[in-house]
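Chains: A, B and C, in written order; residue numbering restarts at 1 for each.
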Amino acid sequence: MKTERERATEKGATSRRHFLKITAASLGSLAAVPGSAEALDFVLKNFREVSDEYLEDMLRNLERGYEEKYGKPFSVEATGPYDDVLFGYGLDLSRCKGCRRCVHACVAENNQSRDPAIQWIRVLEFDREHTQREINLDEGTLFYEHDLVPAPGKFYIPVACQQCEDPECTAACPTGATWMEPDGIVVIDYDWCIGCRYCMVACPYGARHFNWTEPHIPEDEVNPDTHLLGNRPRPHGVVEKCTFCIQRTRKGRYPACVEICPVGARKFGNLLDPDSEIRYLLEHKRTFVLKPELRTRPKFFYFFG
Amino acid sequence: MMNLWRFAVFSLKHIVLGGRGYYTWLLFLGLLLALGTFGFSQQVMHGHIVSNMRDPVPWGMFIGTYAFFVGVAAAAVALVVPGYIYHWKPIKEIVILGEIIAISALVVCILFVMADLGHPDRFWHLLPVVGTPHVPSSMIASNVMILNGYLILNLVIVTSSLYRAFTGKPQDDKLFLLLVFISIPAAISIHTTTAFIFNVLPARPYWNTAILVPRFITTALCAGPALMLLAFQALRKAHNVAIKDEALFRIVDIVALVMIVNLFLLFAEVVTEYRSATHHSVHIMYYFEGINGSVGLRDWAWGGVLCNVVALLIFVMPATRRNFIAINIGCVLAIVGVWVEKGIGLILPGLTPGLLGEIYEYTPSASEAMIAIGILGAGALVFTVLTRVAGPLVLSDLEES
Amino acid sequence: MAFDPEQIRRIHPVARWVVFALVALAFVAVFTGQCALDRNTARAYPSRALPPDVEPVLLPPPEVDDEYLPCDDCHEDEVVKVEPRELDDHPEVELDHGDLWCLDCHAVEQHELLQISNNRLTSFEESWRLCTRCHHEKLPDWRAGVHGKRTGQWLGSKEYRTCVACHRPHSPNTGQLEPKPRPLRAIEVQLSAVAAREEAPRDED
């Protein structure tokens, strides 16, 4: 039995938790019914407040539900962050060729709906001559089609969640369904999100995506190694976005996009580790962030290597 | 206790029993509700993909019309309650009607939000104690809190007033005084927080301007009273309720004045955007001119401004400002003009072009239109039911004065 | 003035409770909503210490095409002419590497080695030493993992590669790729495709 360390010490939080514990206990027995994960969409609490026992129940339920749906063994974990870790990302714009392999590797790793298609990473193509020596995110095109890339005279900027230190989305969420974790990843509790899409309107980078209908992933393409706040298959009517492959990075692995990039344009690491490649590039390369004037302080740094 | 029971019976009798005209009206509303339910069932079955909202334009007609009706709710009270303080006798008597319109408008607002949510079954996450409303940081959460508080306030006032009238006790001035203290700031604040939902977002430069807040208030004070003018005239005919012409003309004058301010604020906004012509001006330029061949909103933009201008002219020209046919045309024009300004002209240009350059031209889908019609029918039903009870209790007294 | 202060003191009790309830509700809402779930408050996670650092791992280079090995089968006892010129032998080699020709990199006498300078040689396994002789500015970035593809574990053994893993030594420009398909436009995201898929019998998938 793990003890529950409480960060919030306000009286309101504890009395509310007590009130809900009673109701959760009765529903906890319901939660143990196999295959009821989909029916028990009615999760009683925000992820940040559930007890460890309740969380375990929830995870096992979800696993059962996914196994039934996709016909293969599933794992849903809620791995916590490492101490003294703050994730940062670097993207070398002098190398990106716009091949979109990162987009599709992300889709496969993170169980994004294929139909309708959701893509967390979106690659913008800019024309060197016409950008007027500035980068305006809304003056590129997402829909370029060429036989070979990079196309002459073009450069490419992939955009996904910038994992801001001061995110607009978490401030906007009316139910507190999205927040920043201690290791810097902005996550969404898919069972708490009410689907109001305010975060999508608030995000300056267009990084959030909505499940306009029940997402569809073919059984043979679904990734069964999942994290509760990351790549587990989402329900309809909730928002989703890049989570720095939380299911991988909290186990020491690189995100899928970093691994797949054929030209090594993507860099990832711990900003608090002075020997990491992300710190190296922050010190030695001219890095910049998108829309700095909005003071969102992204942890996603672009540079020309 | 007995009184309460009798009051309930009395209310039910007046709601359920009526003449042929009344039943025809109820049938019509029922049809609207059925249409809305059908549209909503499509949404429940397939998700919001049956709407035309997509990732670049995640908000559309539902939120736009929500903003419009929050304005109506705010205006309904903000208009009549000062009439009470300053003893504008003709308006003083129709305070309760303003409250009833506010309640109906608030019901419409809540229904639009529920229709817009991806998971309306999780709306309780927004409630205090059982949920986790992210106040005051999230403007939607704050707006929902204040809106519901305002709705409760109005419901309490209306039902207690009607009950007192039923039991023959005189109107309670002290209660109404409390109303005075709370409801004007409440009315302004509900619409201010609605404006804050949009204007605190740095990601959307079209909205991220302080002038949006007073523009919300002025548009509300144009459309709300215009709607009230139409409703009051309908009530006069339906219930033989004597609402004095004088009261209505006062409202017309208020609308005219506010419309001038409204158009002035629009003028200020247009000059600011076009003269500074920064990258951010692309949104207002898209609205009034279109971009790269996408001109979906242009006709609406100019049409809306035209409606507002013509309404203003009707309300100020001596020949038309006291003629009820002209006034009613003006009211419809004002409502349409403001709905275009808030429903279409607020939401869509703010989101188009999208953040990564996509130009997605949104028009409401069939299911969205059906749901909206159903919700308006529900609002009309609430208004009908409340006035059926209020009519004989409070409004028929006016015949004597 | 429209109201009398006396009247306020005699406020109706019901109204008083209404106001009190509303204010209390607001108070509760602000405190339970705000303090319990500030947007940067996370779950009370147990501590997870970071394991100690590990040196990055240089992955072995790709296999050399051994069609022509061993070189001495043809080039033994050869008199080598060191003037740069065009050659017809080794036709499979497309040389596009600045102004270089074969013997700028390949050792003149030890054919299976590469020459960094007149008396410094290196093997194909450590060809990166030759590359960084000219491209030395890439060396720190490459060692740090900033130049070149990175795999492995950010926490644990980071993997990096020799130059020739990505840059073909004879024509090092990595060239163009076939892009993956473009994303859907918003207007192409429709129910019909989804519904059609739902109506199709399951075994057709």
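Operating definition for what follows: a residue touches a chain if its C-beta (ideal position, glycine included) is under 8 Å from a C-beta of that chain, and two chains touch if they have at least 3 such contacts.
Everything quoted here is computed from the prediction, not taken from an experiment.
Asker: Can you identify the chain nearest the overall CA centroid, using each chain's own CA centroid?
Answerer: Nearest to the common C-alpha centre lies chain A.
Asker: Tell me which of A-C and A-B has more C-beta pairs in contact.
Answerer: By number of C-beta pairs in contact, A-C is the larger.
Asker: Can you work out the whole-Å distance between the CA centroids of subunit B and subunit C?
Answerer: Between these chains, centre-to-centre, one finds 51 Å.
Asker: Using the average of all C-alpha atoms in each chain as its centre, how far is it in Å between subunit A and subunit C?
Answerer: 17
Asker: Suppose each chain is reduced to the average of its Cα coordinates; what separation in Å results between subunit A and subunit B?
Answerer: The separation of the two C-alpha centroids amounts to 37 Å.
Asker: Which parts of subunit C, given as residue numbers and ranges, touch two or more other chains?
Answerer: Within subunit C, the residues that touch at least two other chains are 28, 32-33, 36-37, 39, 185, 189-191, 194.
Asker: Going by the contact rule already set, what residues in subunit B reach two or more other chains?
Answerer: In subunit B, the residues touching two or more other chains are 46, 49, 54-56, 129, 132-134, 137, 141, 358.
Asker: Counting only residues that touch at least 2 other chains, which ones in subunit A make the list?
Answerer: Only 16, 46, 49, 116, 122, 142, 171, 173, 176, 212-214 qualify.
Asker: State the interface residues of subunit A toward subunit C in the complex, per the touch definition above.
Answerer: Spelled out, the residues of subunit A in touch with subunit C are 2, 4-8, 10, 12-13, 16, 46-49, 80-85, 90, 92, 97-101, 103-104, 115-117, 119, 122, 142-150, 167, 170-171, 173, 176, 178-182, 212-214, 216, 218-219, 249, 252-254, 258-259, 261-264, 266-270, 273, 275-277, 280-281, 284-285, 305.
Asker: Provide the residue numbers of subunit B that touch subunit C in the complex, in ascending order.
Answerer: The contact residues of subunit B facing subunit C are 46, 49-50, 54-57, 84-87, 128-129, 132-137, 141, 145, 149, 152-153, 156, 160, 172-175, 177-178, 180, 182, 358, 360.
Asker: Inside the complex, what are the residues of subunit A that reach subunit B?
Answerer: Those residues of subunit A that touch subunit B are 16, 19-20, 41-42, 46, 49, 116, 122, 124, 136-142, 159, 168, 171-177, 192-198, 200-206, 209-214, 235-239, 294-295.
Asker: Enumerate the contact residues on subunit B facing subunit A in the complex.
Answerer: Residue positions touching the partner: 46-49, 53-56, 58-59, 113, 116-123, 125-126, 129-134, 137-141, 144, 197, 201-204, 279, 282, 351, 353-358.
Asker: Provide the residue numbers of subunit C that touch subunit A in the complex, in ascending order.
Answerer: Against subunit A, the touching part of subunit C is residues 28, 31-33, 35-50, 53, 140-141, 144-156, 158, 166, 174, 176-185, 189-191, 193-194, 197, 205.
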